[in-house]
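In the two assemblies presented below, chain A is common to both, partnered first by chain B and then by chain C.
== the complex of A and B ==
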């Protein structure tokens, strides 16, 4: 007995000394940043202990089964379609040479820039009575042609087509960086191109593809506008219904917590599965410029055609419809203030993208440099913000920051809110919400950096920062740029959060588009939507040029 | 070169985001009013600008849905900068009042303009414009003599002939609340169940889409708000125009209580920092000049009885309104949603 007891104490002491040995300033820094990010999430989490509201029974009886069913279908369908489009196009643009390759390479990102509810409206309009689809049929004198896409399948299509770039971007970053040299080795050993792709590249691309897919799924589960318009009730419909229609925020929070657990569960399952495989053990970092395969002309055109499909569906078709609407409404909507609005949106998105990438980077590397496993794992919590609907995040931000604001006012230090109703709260909220968007591509690109390089640098006496700047930074730059662009675009089109937290006089294009669309003036929303696309193009083109130069 | 470009970008970014904090900072010296509004119409922006010019009071606008605005006001509490809350339905104003976010306003000018059933009994909020929820029918397939009331829509003869949007829409919730208030809970539930049976398709899209569905032959009847028809009839899009012209408006329940109406309304925030300006703002929006703009550019029915309806609305003729006090709609809103779910109205 006594021995067992002292053993117990010994092991406790041992772990205490271990903790004392391992704790360093990175541990504290990680925890601090994590705290800032997690406060809004925890504020909502605490609410869970109040239990669900009275309507919980009503919801679980009448609504939950269909919410679950629809969300499940959507998740499955969207996963299939986005992987299909995202991975195939990423592989083709990195491996093969074909006409318009460079233009297509960045056009494949652009579908992301159109808010998905606008894509939904555009497609519904495209197939509606008197739409473009119907005008094809009028040629054959078939009147009143209409394809009803307003159902769960149509919704899955619309969401996938506007979200597949997440998968494309992270898969492409992986292919660019190292897949080619592996493939060449495999080809040298006599394995066919197709077999190498299936047996080698696909399994290796998994972390990158999954990273993109997680973003897609969170976005799909979070969608409200498109699902509402198509009359498909999903989990998020339930959150808003119980919050606003049934007047029970408790139930809404309960539902979003369920959603959170679902998403987090998905991430954990993937991480657990991946644990078996060591992805960072690839010995040679690829320094050779990757040479594209040049196929016979007709095959090149076939490839070009294949890559064009997602671009046409995700970009040209909606933009075509938007242009038609823009043409009908430009006298009413187009004015110089739109330029000013674009500039504001650009500024806000730029600042947000900068800070989000910075935070994600700091979180990623600080947790890497710290030695406590618990903190390493906890840093993954930083991505939770993305799984919560924007409107709920806004509430999570407002509750703690208002406490600070009110306290400062009571202390007589300030007369007006310092955080709320200013850009601070808005950018803070964006960072919390979009940290996952930046974290995923950064994490998957940092996984590919062979640990032995920074390790030997440290052994040779270089500090963490210097090692990062000299060795890791150049290697993960592609991932950083993707992260920046994704957050930039996401911020440009973000809505519910912006509506609640934006300061007076600060206005964004997305808000403008929403003002029209929410009042069923879908056609008038076309011009602000097109402005969003144009604004999103600026960093995409600019950064892509940079990326290509460094290739 | 590259670095200069970067620098330029950052400068532009920061410059464009410079906060307009000055305008909120010296609230005491500069006259201003902070408007939380769910109305995103151009007519409103026009009116706000005109008010600024006329009164010298600056109008700061926060646009969002009423639910989000109410939540924001709750969290901000006593320090809330909101002066007025504008919503597009009476139910939400009632909710704001119930949450203790509004204050009663006694002003003879306002009282003389707004009819009693279009405002709060205790003067916590006032209607600005009215919209009627009506039935539209396909001109070529339906004889209007067969139509009579909302209740009549559950008749067997309309099986698979009705389209209406989802029950998460506030206008449907208000209509349901009015039916509960008039016919009782059980009857209302049975009505909803029977109506779901008569639907030509599962609820989707917005009000304009319902009109298009009738025009396209998917259904014969649709339940929609009047001002959307007004907007469609003045649309630049040929397909919308054609759709609106192929249907006709029918005002239900003319033989009994009258057609269900709702208001878009306004209330003064409980902790309004600029209360006087708020009252001035409300009287401005109720003036004949402003009401004319609401009526003509947004095809809503003005609450000011001295103002004429827009031409389109006149062509539909006058109609009898349900005189139910609109506070009732707010009180019964939750019940309405629960009954919708039980009846399976998506």
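== the complex of A and C ==
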């Protein structure tokens, strides 16, 4: 007995010594960064204990069912439409030869350059009285042609048409990398093209498609601008209503918590559907360019037309509408204050991109330098911020920063708010939300650097920082650049988080467009919207170049 | 003799103890020796050298380099302070630096770094290549640059991880001799990991055999070959047949039962005139392998056995045999 006891103590002592040996400053630094990122989720969790606000009963009885119903409809409809557009176009561009195929291949990504709330404004105008749709029918002397899209179905259409590229990109990556060689093998075994597609490719593509779909659904749950404009009640509009109109933070917190549960449920479903399916990551040595099927000319044009539909709907129609409005309003909107506004917007996006890339780098490398496996695994949680809707992040940051500021003032250290209601809180929230956007390109470019390269540097006498500066930094520069650009553009487009956290005197292009649209001046929203789209177009093209390079 | 490296009771596992990579390993390496670590893939070779280099921390035991304790469960000296040189399997040359910059990398603190780098480059015969980048060099040249880079700071111990596995068979032997001539010239103590016993036999002063993370034998090359301590060790150095009951009976070979015996296929002869133990066999299959042929045989009692020969064998039946001093005995 005694022996067994002392053995137990010895092994405990041993584990303690090893922990003491392996824990280093990087372990603490990693944990600290994770803590900073987790603040909004913790806040929401803790604040739940304060109980719901006065209107909670009213909301849960009368509004919650409609939030749930609308979110459910949106999820189902958006899934169907984005899969329809995304998968079909991905398959057609990888498998068939047709005119303008190369151009369409990247044009299919550009709807991502337009934030969904702007697509919503454009379509609302497009189908409104006197809009393009109505004037088109007037030509045929059909009067009063108006399609009412200001409802949940219209919203689903608008969101899908601007978000389907997520499904397209991930399905196309799968088709390009593996599907063609599998299909060829299947054809050689005597199975027809159509049967192979249905029996082989569709089931195999599922993980890739679902991964893209989860991104779509996260964006759907995150959306505020489009739902607000279309008058559809969703969780996010509910959070805004309780925060701004009812001035009941407690209720906003309760809704946020529910929304978080929905989002994390989505993530779990995605993980579950991939549980044993490792095949999506099988790397096949498919270096040969896959041969495209050449059909008769008229069928080629048919395919070209089919692929063109989502591009036209997702990009050209809204841009066309915006251009018409811009032409009508540029005399009032184009002025020095718009220039100043753009400058502010770019400045904020720049600062955010800088800090987000910095945080992502720090998280990536500190967790590598830390020797404790548990912390290494935990560091992956840092990227979950992207799943948290912007409004929730904003509320989760608003409260603790307020507390800190009040405390600092009580201590007599500052005289006015330092964090809350300033750029610091805003950039902090952006960093939490967009960390994953920066983390992924950085991680994949650092994975391309074989571990033995930094190891060699260390064995040759350089420490972690010197190794990073001399070896890793020059080797992952491309990844850092794309991380920076991606965050820059996401910040420029961001609306709900910015609306809640932006300092009073600061404005962004996205907020300006939203304000115009809310004030019944949707035409005036066109020019700030076009500014965002133009800026966003550059990296979308750039991103595609990177994608093609990786092929 | 001076011990450069001492390993005491070293253990390391991964996945929270689920995969035991190194299991209570004990050994030492003398100054100036070349020591090979041999084992199948997954036997813990790479983990062992990563532990020595300080790239992994042990679960148990100690590593002592030049009398200084560098790893234990209480502390671990970081790799950059161990004065070790390492040549990685994939060479790990820094792709954005040229050959000279690569070699100078570990000499940051020295004043004569350029001179020293050129000196080692001359040693490996690549002085004219100093402006080139890794992708402009052949595999063998990259290997030599990696060696020069590792040798430049005059490490007290040089580690090579599977140094020849990325090279084709033709180049392998030539490069092996070149590399180890250079290492011998510098007099540095070296440990190299390989799964190829030919490499180990050719150049190592001592060979360590790892099996499932355990050190199963450590000896000179000839001893390992002639006196292997287990059938695993024996079969690493050539095809070996365990003499089971059926075979013992077939050859009428009176061996004790409490001991495990084996014979190398190459020691089974078809010239039975001077063999002590003989039996007859039927040829089932002949495989022509260039310098020799492999015959798959069926013995009278139904046992299968394969032998190699460089003589032409006629007919379907033949006699085979071996001598008692070729029998390998292990206590298992």
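Here, the second predicted complex is superposed on the first by the 330 of 551 C-alpha atoms of A that agree within 3 Å, B and C clash if a C-alpha of one lies under 4 Å from a C-alpha of the other, contacts with A are read in each partner's own complex, and residues count from 1 in each chain.
By definition in this document, contacts are C-beta pairs under 8 Å (C-beta built on N, C-alpha and C of every residue); 3 or more make two chains touch, one makes a residue touch a chain.
All of these numbers come straight from a predicted model, not from anything done at the bench.
Colleague: Touch check for A:84: first (chain B), second (chain C), both, or neither?
Modeller: A:84 contacts neither chain B nor chain C.
Colleague: Comparing chain C with chain B, which touches more residues belonging to chain A?
Modeller: With both complexes superposed on chain A, more residues of chain A are touched by B.
Colleague: Examine A:415 and indicate which partner it touches, taking first as chain B and second as chain C; both and neither are also allowed.
Modeller: First partner only, chain B.
Colleague: Pick one for A:308: touches chain B only (first), chain C only (second), both, or neither.
Modeller: neither
Colleague: Under the contact rule defined above, give the chain A residues that sit at the interface with chain B and also at the interface with chain C.
Modeller: The answer is that chain A has no such residue.
Colleague: Show me the residue ranges of chain B that touch chain A in the complex, using the header's touch definition.
Modeller: Residues in contact with chain A: 2, 9-10, 12-17, 19-21, 23-25, 27, 34, 40-41, 60-65, 67-68, 71-72, 75-77, 79, 81, 95, 165-166, 168, 173, 202-209, 212, 215-217, 228, 231, 235-240, 242-243, 333-334, 337-338, 341-342, 346.
Colleague: For a test of understanding, state which residues of chain C touch chain A in their complex under the given definition.
Modeller: My answer: residues 16, 53-55, 57, 59-60, 73-76, 78-82, 84-86, 88-90, 92, 94-96, 105-106, 108-109, 149-150, 153.
Colleague: Okay, in this complex, where on chain A does chain B touch?
Modeller: Its residues touching chain B are 55, 58, 62-63, 124, 128-131, 144, 146, 150-151, 228-233, 237, 240-241, 243-247, 249, 325, 328-329, 343-344, 346-348, 350-351, 391, 394-395, 398-399, 402, 405-406, 409, 415-417, 420-423, 496, 499-500, 502-506, 511, 514-516, 518-521, 523, 546.
Colleague: Quick one: in the complex, what on chain A touches chain C?
Modeller: Within the complex, chain A contacts chain C at residues 14, 17-18, 20-22, 371, 373, 450, 452-453, 455-463, 470-471, 474-475.
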